Amino acid sequence: MDIKDGVLRIVFNRPHKRNAMSAQLVDEVLAVFEAIKNERAIRVVVLRGSEGNFCAGGDISTMNKFSDNSGNAISAQEAAWEFNRIFGRMITKVNQAPQIVITLLEGAVLGGGFGLACISDIAIADKNARIAMPETGLGLIPAQIAPFVVQRVGLMQARRLALLGERIDGEEAKDIGMVHYLTSSDIEMQAKLDDVLKMAKRCAPDANAKTKALMLQVGLFEQDELLDCAADMFAAAVVGPEGQEGTQAFVQKRKPAWAI
Amino acid sequence: MDIKDGVLRIVFNRPHKRNAMSAQLVDEVLAVFEAIKNERAIRVVVLRGSEGNFCAGGDISTMNKFSDNSGNAISAQEAAWEFNRIFGRMITKVNQAPQIVITLLEGAVLGGGFGLACISDIAIADKNARIAMPETGLGLIPAQIAPFVVQRVGLMQARRLALLGERIDGEEAKDIGMVHYLTSSDIEMQAKLDDVLKMAKRCAPDANAKTKALMLQVGLFEQDELLDCAADMFAAAVVGPEGQEGTQAFVQKRKPAWAI
Amino acid sequence: MDIKDGVLRIVFNRPHKRNAMSAQLVDEVLAVFEAIKNERAIRVVVLRGSEGNFCAGGDISTMNKFSDNSGNAISAQEAAWEFNRIFGRMITKVNQAPQIVITLLEGAVLGGGFGLACISDIAIADKNARIAMPETGLGLIPAQIAPFVVQRVGLMQARRLALLGERIDGEEAKDIGMVHYLTSSDIEMQAKLDDVLKMAKRCAPDANAKTKALMLQVGLFEQDELLDCAADMFAAAVVGPEGQEGTQAFVQKRKPAWAI
């Protein structure tokens, strides 16, 4: 983990498991996003895996580490429930982060790793990434990621990928609207990340956070009600510090303070 | 109709009408899917048409065959209502089938046939298929298929296809996210179907059925509630026969029982 | 503004502002669509901008023109609210117009102009169009357009475009499912518009209006309820004048009356 120039970089570091997430790693990611949820100085979070893989999903071998609040052992089924559900809490949290969340997808992008890619604001994929939902091939269910996958790629591709377990590469992931940018080497991926960070920096942090929150509400409320609420946000932004600085900078043909 | 190796094949057989569906054919398809709804031994259903066309929609000439429960004649408007609504009941049923539903799209894929394509888990299209919603050109409404079309290709393409009646081919259908695979001959289509069946076979039947049901619920429930329910499914799968077999097979580097 | 052969053409005419919309222009567009909402003789509305730009969004410099109903001055924040919200009322109205709405996208397609493109039934874009949501770069929020953008291009591309302010061209707009057709000159755009108008003319006006209304309801109601309602529409169409004319014309191998 590393913070520099408003960018927090998180590297999943379990390379012997292709960065499959233990219950502990899931907990740690959840804790980080909880800690930064009001931290506007951090404007971007970059998620990547160590040693050439993004994330191979949940590490099922860590599933039975759970106990109840009193420290008593719980049944295998209860442990499985907790192991699964906490992943869902984490991915929900990352989805709603006020920061721009970027995933760098290379090597294994499987199961829960696929889910994480689906909630990133910006996904950059290596063209040779190996992307799949292998759960039903193991007799299991892509349970916590299902809603995010459907929202990302649509029911049509979600059906195919979940029910066939078919592996796709980065190029196909771009074709089906799962990732935004395609790169073919580490150097290209780093250059594309730099481009994205440059664009991100030009956008006002609070306006971005509010815009993201607004877009995540679409479909959850009656539309006129949502538009009333959106107008509240707009009007507050116009008279607020970012709106004032942004429109003055535009008139004065200079960069706004947040872009420097 | 033909069952072999867990695959049920249904052929629409009204070639003189380019397989436009009579009320009776709609009834029969509905009855088949009702009969197999708890039948996990049937893992895949393949839908295709006879003699080079998939399905040209509803056969309106059969619309006035309806009578009420007492056998009395009903008005033309009532008959039209029943003819239309039963198609919607059928397509809803096929959409929710626990099996993987595959459509093989060639020749005419029109109106109701377009709708059936839109609810298939896997759609394989010939590049020269003729795909359209011609309803409003006849002064009619693509009524029962509208929700499934919007869900499949998005409101944006649904507007265009429904309001212009524009005909597209298989290639464009793939571009707009209506079909998954494109083939250019019978032999290629058969080969692609074989690929898909091979992938389907590797996935556990009950896990697949539950995953499909879960994905169809996305957007209908509050998300945390859905994720709680998904964790129930996951935990049950882990301790259930498929989860046990799947994870053991994985460790033992052998195929699980359902894949043999 | 110009009506001919059932086609109403509206040209945004503020070229010195790249057709950014003043509060007054927004009001005028709203009034036009209100006036034609029951006018089936107008079957298509074409929206375009003057002098090579479609629309650069809302013209913020006109924002402070508002006063309350008694003519008293209102605060800057209240004025911003009204300026924003009326745009949302206008775009909601255009989205629900019973006519086919076509946008011709060239030059600047920014902010509110982007939003208008997203609610058109048919969008034809010049490959060099400059398309973006620049709001957060100004410290502002793409407030009224957010729901329409998410519905058009999906949450995945909406996140990227809103949070990075990235500019895309017509080609990329087609790739991400924002526009239907791509052209590379004025002549090509005119030819494509002619094609579209020809297709539009073949479709029955009332059937089209009802189909569009139905598709806009998808996801807002319980599905079986929506399908019942859709069957009502279908049955009424079958026995109504358009359905009678359409099916007779089909049998008689002639064009229906509305297509002449």
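As written, the chains take the letters A, B and C, and residue 1 is the first residue of each chain.
By definition in this document, contacts are C-beta pairs under 8 Å (C-beta built on N, C-alpha and C of every residue); 3 or more make two chains touch, one makes a residue touch a chain.
None of these values were measured; they are calculated from a predicted model.
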**Message:** Rounded to the nearest 5 degrees, how far is chain A rotated relative to chain B when their C-alpha atoms are superposed?
**Reply:** 120
**Asked** At the interface of chain B with chain C, does the proportion of residue numbers present on both copies reach over half, so same, or stay under half, so different?
**Response** different
**Asked** When the C-alpha atoms of chain B and chain C are each averaged to a single point, how far apart are the two points in Å?
**Response** 32
**Fill in**
Residues in chain C with touches to at least two other chains are numbered 151, 154, 177, 219
**Message:** Going by the contact rule set out above, which residues of chain C touch chain B in the complex?
**Reply:** 100, 121-122, 151-154, 177-178, 180, 196, 199-200, 202-204, 206-208, 210-212, 214-216, 218-219, 223-224, 226-228, 230-247, 250, 256, 258-259
**Asked** Which positions of chain A touch chain B when the two form their complex?
**Response** 60, 63, 76-78, 80-81, 84-85, 88, 92, 135-144, 146-147, 149-151, 154-160, 162-166, 176-177, 219
